[in-house]
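The structure follows.
Order of writing sets the labels: A, B, C and D. Residues in every chain begin at 1.
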Amino acid sequence: MNLSGVFAPIPTPFDRNDGVDTARLKTALGRWVARPITGFVVLGSNGEAVLLDEDESDRVIAAAREAIPRGRPFIVGTGRESTRATLGAVRRAAALGADAVLVRTPGFFKGQMTNDAFVRHYTAVADASPVPILLYNFPALTGVNLLPAAVSRLASHPNVIGMKESGGDIAQMADLVSGTPTEFSVLAGSTPTFYAALCVGVAGGILALACVVPEACTRLFELTASGHHHDARALQRQLIPVARLIGPTYGVAGLKAALRIVGYDVGVPRSPLYPVPDAGEAALKELLADFEEVSA
Amino acid sequence: MNLSGVFAPIPTPFDRNDGVDTARLKTALGRWVARPITGFVVLGSNGEAVLLDEDESDRVIAAAREAIPRGRPFIVGTGRESTRATLGAVRRAAALGADAVLVRTPGFFKGQMTNDAFVRHYTAVADASPVPILLYNFPALTGVNLLPAAVSRLASHPNVIGMKESGGDIAQMADLVSGTPTEFSVLAGSTPTFYAALCVGVAGGILALACVVPEACTRLFELTASGHHHDARALQRQLIPVARLIGPTYGVAGLKAALRIVGYDVGVPRSPLYPVPDAGEAALKELLADFEEVSA
Amino acid sequence: MNLSGVFAPIPTPFDRNDGVDTARLKTALGRWVARPITGFVVLGSNGEAVLLDEDESDRVIAAAREAIPRGRPFIVGTGRESTRATLGAVRRAAALGADAVLVRTPGFFKGQMTNDAFVRHYTAVADASPVPILLYNFPALTGVNLLPAAVSRLASHPNVIGMKESGGDIAQMADLVSGTPTEFSVLAGSTPTFYAALCVGVAGGILALACVVPEACTRLFELTASGHHHDARALQRQLIPVARLIGPTYGVAGLKAALRIVGYDVGVPRSPLYPVPDAGEAALKELLADFEEVSA
Amino acid sequence: MNLSGVFAPIPTPFDRNDGVDTARLKTALGRWVARPITGFVVLGSNGEAVLLDEDESDRVIAAAREAIPRGRPFIVGTGRESTRATLGAVRRAAALGADAVLVRTPGFFKGQMTNDAFVRHYTAVADASPVPILLYNFPALTGVNLLPAAVSRLASHPNVIGMKESGGDIAQMADLVSGTPTEFSVLAGSTPTFYAALCVGVAGGILALACVVPEACTRLFELTASGHHHDARALQRQLIPVARLIGPTYGVAGLKAALRIVGYDVGVPRSPLYPVPDAGEAALKELLADFEEVSA
């Protein structure tokens, strides 16, 4: 599986009764597959995976599988707090057609999540998974940090093909790249540091903004790959303000609002999340108007 | 319901196949109900609630309900990340006989968990819950902080009867006590600061150590209540080292090891948690030998 | 020297040219010595010590020594970043009449300030100091934490008679008390947790608020010492809001504004500090009006 | 003044009596000026500036001025906690021949160091300074963060020509570059992220490692500038482990030990700092042996 490029972490639409709305999910995916996006991730953080129950998760996977053509990587988030539940989620995702799974670090019992604990957890998952797995580190949300020392050990497992690193520490990103084999793909999860992450050698990114302005994200990837650093830096600067609004400031609600602005029908997040305020929507609208693919 | 006193957060035993073992749970509860413990909490952090699926949770509640006599408060942890799943868990716990539910703050989407978001979440839960609810704040594990300003607003809801505060900030604890009505019960969740928390006016505690040395914990409560501060302080000092081993150092695994030492059969935690090392078990053994109720 | 009671950390007045104004300092001290304050600290954090040069520091010490009667403990802050400069400051303070010195942890090179480094630093200072020393831990300002393990080692030095602990962690405070000999005096530095600190056994406090409402602070100390916990708690609650304004919110500027409100002429802090805004002054005025010693 | 390139932050040697040793400083500078180093900074963090008194500082400046040829930028660290003392230090440094001064953020009173406070402080310094000033942000040591919003405002002052940013947050670094005029020079202070910082547009770096392996640091700068990203990344990876040892792990002591290994006579740091342990020296020796300029 080629993990080089820009991946979109797909949000989950809900219907009026707060239920998962697979029809709107498939409609939206029908548009995304026509855009310059390398592959798709469902049930990640931006998919509100932690707000869904297991049945809902399965329905999201099945619907996405129908909408995403074979050949475009289709990755499913299957992180759970227990190793046992993670194994269950991985097996179900594989059975429903996932090409690979993205396994977020367990993080509730922070004090006990040592390197050894992570290695045991991921080894158990990788041993049993019918499909390749990607590690997933997101310290700002989980409160734990999957360190390069643990990743190096895990990268030698034949069923561990890469990782998503959503932290913004570029030195750690560089360590991940240099401490793993070439065929192990590190994917950046944070748009404001995407250009810098590409500079230190990541294979690509899984970027919320890729749902909204995929051409811009892909162009940033290609400009850097082809050595056009000056243009890449300018584009990175343009992406930062909107990335911050749909990242730290408004989170999933920001992503959904931005998608509504560019014409997607994905609704609002599930409670306890809540829609962005009007001022946030206005700010997003103004920033997005500067992107050619939006205003065109 | 009287929430004044010392409550025990009951761990969940697993069998050899890593399944929930309700038989051993009932046996252990049979011993705990004979001890000086005011009431019981199942499916809290120490109950490894986040490592259980919904069916397993239901079986734990049903088993505990059988073992705990009516009249002794029986509280069930029902925190989930989504408001919807929390409501489901609350309804099922009530149907299975919980006297009250303990609802941990959702905390995955940290940046969006404002005071308003917490108030909306807990109000929705309290409105719909068939039994009274207790708020539950544990910043060290969740990464979010349910502030006194939000608690003050929630304390006026007729179905919100108290809270468990597991943070160690005594000034915040004092604010919680002074900012809520007398009939709202603040319960401390951290043993090393239990005496200081009692000094600033909490109604009692939900303390892992109360599973292990309930007489000592209850005596600390009573000494403080009766104004015997000198003896209370001495007892608090004795409790701190063992509380740290079964708290920050080894967590649930430490609690289970300590229980094995004092004669309970509750096994080891579920993966990714792991048993305490031999040195930890030896340290626990040495510290516990100094408690009369253990050595007797 | 008796370190049991409530000490006032005296602010440093500046004149119109931003110079140290020892005349106004002596006038203010003339009033403070008539109040129920056990002893005095000059050149602490609230004395803006880090904003003064060595000559200015010496003039403050000399002026204070003139104004404070023998017999009332007179303590001088002499913390510097290097051991060498600290020794110089200690010797000068002793020569100028300090009864004891208060030595803040060096903290610039945070990564290197291990327990051993602190023990070496303080041992060198205590060995050479002509007067007894108090350790001083203020993690929120220095970014380093003088842990109970290091304090226990230092407490056996005959020239180390106590410490000021300004952190709000009551469990750490309890450890300091239990890990040091009875004749070693732990003094609390934070008013919002003063009552809880007294409960766990501290000898007293060095409290900015003691400059403003010394009777209230002393009464809190005495109520707790005499076992009147109910009244102590009520008084603690009254002190918290104003303590927060002159602590974390406005800092030294808040203290100086509060002092102006109660009739002291101590001006505003030195740049880069700046006066409190009008809204802050109004809030202080309102809170202080509720204290009998102010409104009387 | 051209601030593009690699600058060396010069350490301060001490003699056997713990006094400043300007003779050894001049000898060492005699070697450094023959190396590929753009310019020199004395009395920075690595110069142990906070451990020196004002007289010692002046002697360091005078000695360095003698040893550094006109035409090579000579920058002096003059940060102090008060605006008043900073102004004094700036004037003395200018009088002693500094080409520019580097002014670290005051950071003791963390809660009060708002953007406005920083802008007032630096404006006062820039207004009065006879030589151009560089801002200096080092959050890991000072505990405060000079944000891009404040820097943007200060960058329009004609006497503020650039800044040193020692934080590792590459998104913040990119914001600094994009939020300031082209003629304002952002210099990176952290070697592990130097390559990434160059990618996002910084003008150069002030790097402790440039004292030890100046050719490697300068080559990294030139490789990136000329678009040889693959080689730059490989060199960056080689620099990281040794940069960590002389940065977070051992700090100034690590820098001095590394310099001893490569033949400089700069001794050990002043107390409370302390020499690196033998194991650290061995680790440095092994890592440095891989650099051609060392082993040659």
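Here are some notes:
One rule holds for everything that comes next: contacts are C-beta pairs under 8 Å (C-beta built on N, C-alpha and C of every residue); 3 or more make two chains touch, one makes a residue touch a chain.
Because the structure is predicted, anything quoted here is derived from the model rather than measured.
Between chain B and chain D, the least number of touch steps comes to 2. Averaged C-alpha coordinates put the centre of chain A at 35 Å from the centre of chain B.
Work out the mean CA point of chain A and of chain C, and you get 50 Å between them. For chain B, no residue reaches two or more other chains under the stated contact definition.
Contacts between chains close into a ring here, every chain touching precisely two others. Pairwise chain contacts present here: A-B, A-D, B-C, C-D [touch as defined].
The part of chain A that touches chain D in the complex is made up of residues 168-171, 174-175, 178, 190, 192-193, 195-196, 199-201, 227, 229, 233, 236-237, 240. Those residues of chain A that touch chain B in the shared complex are 18, 45, 50-54, 81-85, 106, 108-113, 117-118, 120-121, 124, 140-141, 143, 248-253, 270-274.
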